[in-house]
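So that you can tell them apart, the chains are marked A, B and C in the order they are listed, and the count of residues begins at 1 in each.
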Amino acid sequence: MDSPTTFALTEHSPALWRVTFDNPPVNLVDAAMTRELGALLTRAEESDTLAVIVFDSADPDFYLAHFDLSDENESKRALAHPEEIHPWTRVLTRLMTLPVVTIASVRGRARGAGSEFLLATDIRFASREKAVIGQFEIGMSAVPGGGPATLLPGLVGRGRTFEILFGGLDYDGALAERYGYMNRAFPDAELDAFVDDFASRVAQFDLHTIRDIKHFVNLATKRPDSELKDQMDAFWAATNRPAQQHVAKHLFEAGLQQRSDLERDLPQWVTRFQCRPGADGE
Amino acid sequence: MDSPTTFALTEHSPALWRVTFDNPPVNLVDAAMTRELGALLTRAEESDTLAVIVFDSADPDFYLAHFDLSDENESKRALAHPEEIHPWTRVLTRLMTLPVVTIASVRGRARGAGSEFLLATDIRFASREKAVIGQFEIGMSAVPGGGPATLLPGLVGRGRTFEILFGGLDYDGALAERYGYMNRAFPDAELDAFVDDFASRVAQFDLHTIRDIKHFVNLATKRPDSELKDQMDAFWAATNRPAQQHVAKHLFEAGLQQRSDLERDLPQWVTRFQCRPGADGE
Amino acid sequence: MDSPTTFALTEHSPALWRVTFDNPPVNLVDAAMTRELGALLTRAEESDTLAVIVFDSADPDFYLAHFDLSDENESKRALAHPEEIHPWTRVLTRLMTLPVVTIASVRGRARGAGSEFLLATDIRFASREKAVIGQFEIGMSAVPGGGPATLLPGLVGRGRTFEILFGGLDYDGALAERYGYMNRAFPDAELDAFVDDFASRVAQFDLHTIRDIKHFVNLATKRPDSELKDQMDAFWAATNRPAQQHVAKHLFEAGLQQRSDLERDLPQWVTRFQCRPGADGE
């Protein structure tokens, strides 16, 4: 595994690793990060000593902004190869079956693919004040591609899944905890100490037991990987339609993927660029 | 679709409709309302522009009281035709797969079929002080017919489902939110503005994306329609037994389906008319 | 059924029984209690009048401490007979399908098999201040044997299940309610009155309806019994490995299964005896 460029890997011990996302300007989930996370998972799968990986962010404002949408050819490539599983889908499904405890420590914005990454970890702890989580994709006229329609119901139930996906709004740490979107939210000043204590504790435990627990919980809760593939395929199909391309063009012009007001308040900005005839009586 | 008599339909725009239940004296779910909701669903299914339907009530005390139990022949008809799917079951299952966002805005009592209606919508917002929700049917010696044994677990989990169905008690907005029975409860003065903002927002979004999300969430969460049919059949079987007929007779004499103290506090009144030998040491 | 020695059975009425655990020094789930619970279930299954069983504890500090681990031969016996279903697994699966409402009223510690017992009842009410619930087994290098990997997700979701099983920590009544691990937590002074009222109410209701509700909720929520068998088999396999035997030996020397500081604060004590090479940089 070459040294990663989109995150820092700190090996606190052979049992406990920390991945700190650091991919300026806003921690986009781009092709490089996807590839580097894939390589990290391979290393983790091969380890005989690893018990726990904590995922946090070097940027207090952005945990993981969302998926990189700047490659205009990616849609065509994906649609031309329907038999292939998209690399981002593969990262998510591998993460769910990795025989290691994965913990997200969330401060800043985690929208779209950022939220999907959280949903694929085992345990999610959040800053009550500074976590901002959501699936804004409906505002870009696209079904979310990383499977939240499949992953959210097992955490927040059917009704709140519909609210999160249809509304495309942000959820702060406190509300995300009430919904079960996050395991628990802590006052920002207490988050790091809690996560460090919890991760260090679990890193002491027996690896065979960790594998057994992951296996049995997955047996009772994990949905077929094909559901995630189908949602990713539907996402790329959406990016091939004018409704998505119209919003995307305007969002890029207004600051998408830059350290902008638009990225800070994305769910509000998307409503400026909706174009469906007949909406709201127009 | 003839003009409905049990609710008002307001078309705020081609994308956003509002259904306001108005079926005095207590907003019973009766044969007329069931038929009119069926016709509404047909119109909604045929629309090329509809994105969102909000369901609220003209009566601040009763959202939907419960199913109309006054037709003594309905039980015989239902039992004589076990191959038929009951019209109420059909409304609920069509609502769950309608490719439109359905939002319940709940103020007042929603018990029995009223609660079942809520459970079949996508998203439920409630007045913290004025929503009163529950499945009182066990107090009438009948399993609930509209499928809450199937629909509640995906919202509140197995344990709280048992509590709600075995206890037959009322849940106010705040407790219903804690359980996940409602998505969220708002101070009564804030409910309408929140729902209006949320519904107007979603009504702007792409219809194709709404269909995709509904499809994928249903794939991951919707149970077979046959479970709802079996529960409705079991309900009608119960109404054919003396234990149910005994309680029903006394409840009708004491004010059932009238604007009465009994309808306001139904879960307490049912305990006056239990007749099982051996209960409570008698 | 001979008179039980590990709990008191009080028949408040033919419809309402109370089981009060009383197995000093710490209410262990031992072979005698398992056998006596089996006999109780047989009596309950045969009753024509029973509607509700409440399970509480005579010891305010210990609801059910955990499984009795003092029989060193039990592991060998279990592993020699992989075709057999362990008696504790059988108690749990019978409890889940018993056509009677089962209610746990929880004050004091319920860890390991104590928590598993709770998870197999229908409804769980807890003392906000005095309930202490958890699955500490990972701290003994063993997957929990009574199926919480299968039973917890239906109450608390996938993410909180991972947290509870990987962390092996205690949950107080308030947090257990927030997670859905308990139906509801009450101020300690109010718990008994609430449970008595709720149980007396339900005990008046129609037995046929109780059976219908239990049947339909199980149909929608109950996982295959084989998942519980597989987890119990994996637990006994773990007790045959040095990692488990090492921790167990040290815990017994330090006060396990006695009325000790160790039993009061078990999740903290287990970390003193972890021996995995490589953990925490050692």
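In this section, a contact is a pair of C-beta atoms (placed from the backbone, for glycine too) under 8 Å apart; a residue touches a chain by one contact, two chains touch by 3 or more.
Listed by chain with UniProt protein names: A, B, C = Enoyl-CoA hydratase/isomerase family protein.
In this text the structure is predicted, and so the values were computed from the model without any measurement.
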Interface numbering overlap (same over half, different under half) for chain B and chain C: different
Between chain A and its twin chain B, rotation from the CA superposition, multiple of 5 degrees: 120
Whole-Å separation of chain centres (CA-atom averages), chain B against chain C: 35
Residue numbers of chain C (touch at least two other chains): 156, 180
Interface residues, chain B side, partner chain C - complex: 137-139, 141-143, 149-150, 153, 156-163, 165-169, 178, 180, 223, 227, 230-231, 234, 238, 241, 243-244, 271, 274, 276-282
Chain C partner contacts - residues on chain A that touch it in the complex: 12-16, 49, 51, 101, 122-124, 154-156, 177, 180, 182-184, 198, 200-210, 212-214, 216-217, 219-221
